[in-house]
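Got some structures for you, see below.
Below are two complexes that have subunit A in common, paired first with subunit B and then with subunit C.
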Partner chain A sequence: MNKKTDLPVMLPKPVQTPQALSSLSYWHILPLIAAMMIIPSLAFSAAGDELKSPLAVLKNWIPLLLEGFVFNLIISVCAMAVGTAAGTALGLGQISPNNSLRRGSWFVTQFFRNAPWLVLLFFAMFLLPFELSIAGIIIPLPDWFKAIIGLSLPVMANVSEIVRGAIRSLPSGQWEAAESLAYTRRQTLWLVILPQCVKRMLPPWVNLYAILTMATVLASIVGVSEVMTLTGRALAAEGGRPELLAPFYGFVLLLFFAYCYPIARYTLRLEKKFAVIN
Partner chain B sequence: MIGGFFITIKLSAVCLFFSVIIGVIGAWLQGSTFKWTRRFVNGYIQLFRNTPPLVQLYFFYFAIGTLLPTIENDWGGESPLLGSFAWAAISLSFFAGAFNVEIFRSGIEAVPKSTTEAAEALGYTKLQIYVSITLPLAFRVALPALNNNLVNLVKTTTLAYAIAVPDLLYESNQIWSDNVNVTEMMIFLLLAYFFLVGILVAGMNRWERSMKIPGYG
Partner chain C sequence: MSWTPADPMVSINNVHKSFGELKVLNGVSLDVMKGDVICIIGPSGSGKSTLIRCVNALNDIQQGSILVEGQEVNDEKLNKLELRKKVGMVFQQYNLFPHKTALQNVMMAPIKVLKQNKASAKTSARALLKKVRLEGKEDAYPGELSGGQQQRVAIARSLAMQPDVMLFDEVTAALDPETVGEVLQTIKDLAEEGMTCILVTHEMGFAREVADHIYFTDRGVIVEHGPPETFFKNAQDPRTQQFLSQIL
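Right after this comes the complex of A and B.
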């Protein structure tokens, strides 16, 4: 296209794209975190010469902390699996034609959705027995298992709402069309409704997973040895030097950020991809 | 126990207030013409949204808290400049504020451009447009999402337990450690939080209704 003209007014207006969050790339944030971790340690570097510098100490502990972080991820994946399975059942219960089942599912969903995560975690920790004996066989329930149960409860309630919302968001014509084709209710759900819902449920579900991953650190408060607990122990093992605190906690922040930020970006992409255009 | 209840209410109220303020200011800065202001705000949002609030709390309380100077307290000892309550309030406000910036931004984007242009034609300055035209309209659009986030914030105040703020959860923990009545205390605790969240939701819904402009939104 020839853009040369005597009249600038005739030129097409330059397209101004609003700067959305998704335009932020990694390198905008990495320097920020690096500064956050280095500056406080510099402030103390004059304190003692024979002590190792905070970053060198941190380097020693990184393998252990990473191990703890992997444990966090395992907890999050397990809790997500349990929560999704239970939540889907609960969500389907919320749209069941049976009145009492619907009411019951609704109540359970609201109950676990409105309780603080930490309180639910305490619930699971203290109210579950430390071992179960079924028919003479004693099954121990370790802490991390209870943490998974405790974290999967709010996940269950949230998944239930996601399922219900997705099913409700389908036009009722889908149900009617399936009915007119003589599908039974079960067939309608499995063959017509749910396949369409998966697409709508995916973005909020991934989002929920990111939230859950960030909530796994709560398990440290109730004594599961995941990354936060290990950080505390590492700091204690180094004699509680105050200049170590900022790099260590900064490192944990960085770990979670590195894991959750790509997920957030991915959710945005999914949302755009599956955006329902009406 | 009742003291813990009030501490929770106080902490929630302080965080609600400051997080909304952060949200409003952040959303305004995000609309600024300076590239670096926008980038800075975006960095802040992403950093706080994608890291666990508990780690943030620890970072603020232990890492930054120890860097601050100490002051002499009434008994002649050294005590930190900001106590655990203050740090919990600061950290949770920043956490919720990051979400609020996003919420307000979406509200501001929903305000039609012609409205601000009309205000500009009437000789409003940029700040005046923001305060008396854009914000009141954006607020109404953003209220449901804001409501959601604030409920979340009240639930997140339980995290203050981790740095020994004597809130509801902390007090309950003390009581069930002494009296071994875990089940009863826990049920009471849940009911107490339901009560708090219920009051907040009812209040916000009433506010939403009273602010409704006929024919808008």
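Right after this comes the complex of A and C.
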């Protein structure tokens, strides 16, 4: 069977090695964004006007924009925390032996998982009151708080699926072994099942966090003073000069890239590590 | 009517069980006295594994009665935890907890379920690992052990609960041939110490050697049973004869 063939279908298929995104070096993107930011400046100086150059303008605004970005990160961390806590509970609900609890959790999960994030954000913004009064104490609910709730809803639904999937992926023998050793269901979950799930859940969970971080700019649409809102205001304050758009939004892109790309790399590493363990 | 050690440890009476349309057990009865070692053999799908899984209520039954030390298992109000403290089980796939070391696997249930104090649970866990000849492997994770070693940890883990009866569900079926012997030796040691054992097995030589009584099942019923000598030499039923001629 070693004869050469000239039929293309008989030839062994060349192994295709996909060009991994990870091979894009951290530093590739920097020249691109730098070019985006610098070229308008060059064009501007060539025009020989007396106004300050776009980069110099941007430099003045950087502290404020960074402040806005930190606010984005705070929103992302809080929404992730709330979403993870609620999502874990919901995910456990999805595997509950109690029929109505299981169906209810499944429905809530599916409902929020298949809803646009922006719509959920709007719902949270306009359905939550601007203040709560509990036993005479008035607690104001600021916009950023509502944004956290709004963004944590889809996170919750996705975490719920991650938890359910991880639990289901464990062999049923683990449950049976624990049962036959007289563990209660709760002990089985906390001592045997969930510790094994953490490793499996980590890569998709980190991935979800990166997606959430990028989605925090949606909060600008509902008026939260995060980085996009501040960029818009800064541009307006500078008189809406069109040559400022590229440097300013380029800077915002750069911030998110610098934060999210390492997370993506880390997820890949986690996935590889997990693949080895299996 | 209370149970005394003179009564059967496990008494299975006319048990019926089906998975949906499929009838798996069709009126099975057998008694196991304290200290007995019984082997259940038979072709695949004859219901042997299902039968022993019913004894510790991993599977429920539709009809009939299973008494473990006089306690009815086929009862909605059954306290499964109490039952499972009395009945140990070892599985074909070992089912050790992969995130825990051998020692932790053995001592976890005594601490969490029986509320033993940690130090004494640890001491007895070490002793049990020594008993199954795994001294020095206390800190190994299941993934670092061979199949035979994992299965012996699983036996130790089950023994740590100080059960009155041990169920062995084809415990050597997933093992490499060279490690089968060490697991069988462990079970044999247990049997000689007087542990009540119910084994589902394909190891005929072993069954002949350790069993006090052999049961042959086919299509959900017990076709024939008897002490090993008569059973293997003098099988009466044609189905038993056919099975034995294929396997021996």
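By definition in this document, the second predicted complex is superposed on the first by the 248 of 278 C-alpha atoms of A that agree within 3 Å, B and C clash if a C-alpha of one lies under 4 Å from a C-alpha of the other, contacts with A are read in each partner's own complex, and residues count from 1 in each chain.
Just so it is clear, contacts are C-beta pairs under 8 Å (C-beta built on N, C-alpha and C of every residue); 3 or more make two chains touch, one makes a residue touch a chain.
Keep in mind it's a predicted model, so treat the numbers as computed, not measured.
A.B. asks: On subunit A, which partner's contacts cover more residues, subunit B's or subunit C's?
C.D. replies: It is B that touches the greater number of subunit A residues.
A.B. asks: Look at A:Leu132 in the shared chain and tell me whether it touches subunit B only, subunit C only, both, or neither; answer first, second, both or neither.
C.D. replies: Touch status of A:Leu132: no partner.
A.B. asks: Classify the contacts of A:Val70 with the two partner chains as first (subunit B alone), second (subunit C alone), both, or neither.
C.D. replies: It touches nothing on subunit B or subunit C.
A.B. asks: After lining up the shared chain so the two structures overlap, which partner does A:Ile62 touch, if you call subunit B first and subunit C second: first, second, both or neither?
C.D. replies: neither
A.B. asks: Report for A:Val192: first if it touches subunit B alone, second if subunit C alone, otherwise both or neither.
C.D. replies: After superposing on A, A:Val192 lies in contact with subunit C but is clear of subunit B.
A.B. asks: Take the contacts of subunit A with subunit B and those with subunit C, and give the residues found in both.
C.D. replies: After superposing on chain A, no subunit A residue contacts both subunit B and subunit C.
A.B. asks: Which bits of subunit B are touching subunit A when the two form their complex?
C.D. replies: 38-39, 42-43, 45-47, 49-56, 58-59, 62-64, 66-67, 102, 109, 151, 155-156, 158-159, 161-162, 169, 173, 176, 182-183, 186, 189-190, 193-194, 197
A.B. asks: For subunit A, which residues count as touching subunit C in their complex?
C.D. replies: So the residues of subunit A touching subunit C come out as 171, 173-174, 176-184, 187, 191-192, 195-196.
A.B. asks: Taking the complex as given, what residues does subunit A use to touch subunit B?
C.D. replies: Within the complex, subunit A touches subunit B at residues 18-19, 21, 24, 28-29, 32-33, 40, 43, 114-119, 122-123, 126-127, 210, 214-218, 220-221, 228, 242, 245-246, 248-250, 252-253, 256-257, 260-261, 264.
A.B. asks: Under the stated contact criterion, what part of subunit C meets subunit A in this complex?
C.D. replies: Against subunit A, the touching part of subunit C is residues 56, 58, 80-82, 84-85, 87-89, 91, 93, 95-99, 108-109, 112-113, 154, 157-158, 161.
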